[in-house]
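Okay, so chain A shows up in both of these, paired with chain B first and chain C after.
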Partner chain A sequence: MDIILQKMEEFLIVELKGKVNTLTSPILEKRLLELITDHQHNLLIDFSQSDYISSAGLRVLLIALKQLKTVHGRVVLCGQNKCVKEVFDITGFSQLFKIFPTRAEAVKELTQVS
Partner chain B sequence: MQQLFPRSIQSLDSIFELVDQFRIQYDLDQKTAYEIELAIEEVFTNLVKYNDGTSQISLQIEIINTRLTIVLQDFDVDDFDITRPPPVDPQARLEERRVGGLGLFLVHKVMDQVEYQYQNRVSTITMIKKIGEDLCSK
Partner chain C sequence: MEDEIQHNDQKRQCKIGVVLGSGGIKALSSIPLFEFLEQEGIKPDLLVGCSGGGVLSSAWAMLQDASRVRKLAGELWRRDIFQKVDYRTLLAIAGLPCGRFDKSHGLVKAENLHLTLIKLFGDQQIQDLSTRLILQSTDLLTGAPVLLTSGTLWDAVYASSAMFPILPPICREGRWLIDGVYSSPVPILEAVHNDMDVIIAMSYEVREAEETNNFIAHFMHCIAYQSTWLTRSQLALSVDLHHHEIIFINVVFDKHLGFKSVENIPAIIEIGQQAVDAKKEEILAAINNYKA
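== the complex of A and B ==
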């Protein structure tokens, strides 16, 4: 999995390329926690180039969300395919995260509310 | 197809390749392929994490008519039923959520049947799912 970062004025785009599974999620965890420590508290995680997530990936997202809450940060997700969305729905993660079909809608959310 | 894999998380790379071959062989749709990969990843990871055997772990996947069967066998291990997940409340709020523990919950959600058997120090996890059409007729 590759993680591509794109700094915007008010937030940071974290684009995931490849599967978020047991093998790759430690890389994502390390990167997200580094970003939060580095005061990047508004994140947009784009799944449009990632077609798979397992519980290992969900665990990392939950850790990041909990961390961001403590610093009044925000994380918005976008671009999930049907299967990834279903995993979020089954586990109730769809209720925990703000999720948008497209990056444009997620950007709109982050720029409007911040 | 059946294959043995070293007891290591790194085996997941080869396992995913095997699942992909299986997907191509049976022309599986994206959802079914996803669910097979997810179920195997979660169970295999738990076997590596919680069993302390040294033998390789066997994985068998087959489709007979509309019935998909996945069997994982772990040899020379203690009796430990990893198929009983801790309770998960999908409605729980963020503050009530503990980190982790979702893997086997997901397995039970994407598979129709998950069974654990223990005999002669062999742990066998069988997962069954009914799939849409008779793929063997293709």
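== the complex of A and C ==
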């Protein structure tokens, strides 16, 4: 899995490429926690290049969400394919996160609220 | 050769839990999962079942042979099991004379189901099974979840699947018990609580397009929706609390399948086969990537 960062004015885009599973989720966790420690408190995580997330990956997102809540930050998700969306839906994670179909819609949400 | 030994060691170290959720006859779609695990030489350390999933997990725990469970499918669900209507309960609901209802009754009499379960499970005790089994039930009077881990298997299976008020509750160790769907439809938290490393959880969902005017179908829809949302909140908590991987197999059906849908058994198993096929790689990866 590759993690590609793109800094925007008010937030940071975290684009995931590849599978988020047992092997790759520790890398994602480390990176997200580093970013939050580095005062990146508004994150947009883009799944459009990722076709799979396991429960270990979901747990990492939850850790980031909880961490961001303590610093009044935000995380929004976008670009989930059918498989990833299904995992979020059946585990109840769709209720925990703000999720948008496209990056453009997610950017609009972040810039409007900012 | 060394790789194979290492692979087998990993399999042994990794504790595997299989959780089968409520879903009545739809739980027969878990038979291909048993077959797959047996083919791969994967023996679960824990089985947790609720309602229909409780029936299937109990059958597998006792027989230890998926092909025998498959042959039993027609015995587990037969039309005649649910044919004895309790007319005095119906009269009581309508407020008519001769009606009678108390907490030991339901709309259908349970005798045929009791006899079927006794025939299948005999006097098997839960604690004597070679694979550890937990069945999820609910206390009728408090709504509290009840975990059945010992005692006679057949009445525990009934307690886990007694869909009150259609089926009457059963009194077990001084408590009136009903279907586990009312407290924990897919009891993954029990597998988390018991420190399973890889948890394979099956749930069964109906996404029906057409509306129906059937009373029982509407009642079952309401139970299914409540079950789906309760499951989601419990799954989110399970993911948060767990330390390795939970593999979700959500088997989706396009129509409501009631107690008597026995003619659909082959189709139900086939839908389960497709759902399991799609998750085989994920299951093996989770086990093989486990590090103690």
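FYI, the second predicted complex is superposed on the first by the 114 of 114 C-alpha atoms of A that agree within 3 Å, B and C clash if a C-alpha of one lies under 4 Å from a C-alpha of the other, contacts with A are read in each partner's own complex, and residues count from 1 in each chain.
Criterion: contacts are C-beta pairs under 8 Å (C-beta built on N, C-alpha and C of every residue); 3 or more make two chains touch, one makes a residue touch a chain.
Keep in mind that this is a model prediction, so the values were computed, not measured.
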item	value
Three-chain arrangement built on chain A, chain B and chain C clash or fit	clash
Touched partner set for A:21, first chain B, second chain C, both or neither	both
Touching partner for A:55 - first (chain B), second (chain C), both, neither	both
Contacts of A:69 with chain B and chain C, given as first, second, both or neither	first
Partner chain in contact with A:95 - chain B first, chain C second, else both or neither	both
Contacts of A:82 with chain B and chain C, given as first, second, both or neither	first
Chain A: partner with more touched residues, chain B or chain C	B
Region of chain C that runs into chain B when the structures are aligned on their shared chain, from 93-101, 183-191, 219-227 or 255-263	183-191
Set of chain A residues, in rising order, touched by both chain B and chain C	21-23, 54-56, 58-59, 62, 86-87, 90-92, 95-96
Interface residues, chain C side, partner chain A - complex	203, 205, 231-233, 235-236, 239-240, 242, 244-248, 250, 282, 285-286, 289-290
Contact set on chain B toward chain A in their complex	9-10, 12-13, 16, 30-31, 34, 37-38, 41-42, 45, 88-94, 97, 99-100, 102-103, 105-106, 109-110
Partner chain B, residues of chain A touching it in the complex	19, 21-23, 51-52, 54-56, 58-59, 62-63, 65-66, 69, 81-83, 86-87, 90-92, 95-96
Of all residues in chain A, those that touch chain C in their complex	21-23, 54-56, 58-59, 62, 86-87, 89-93, 95-96
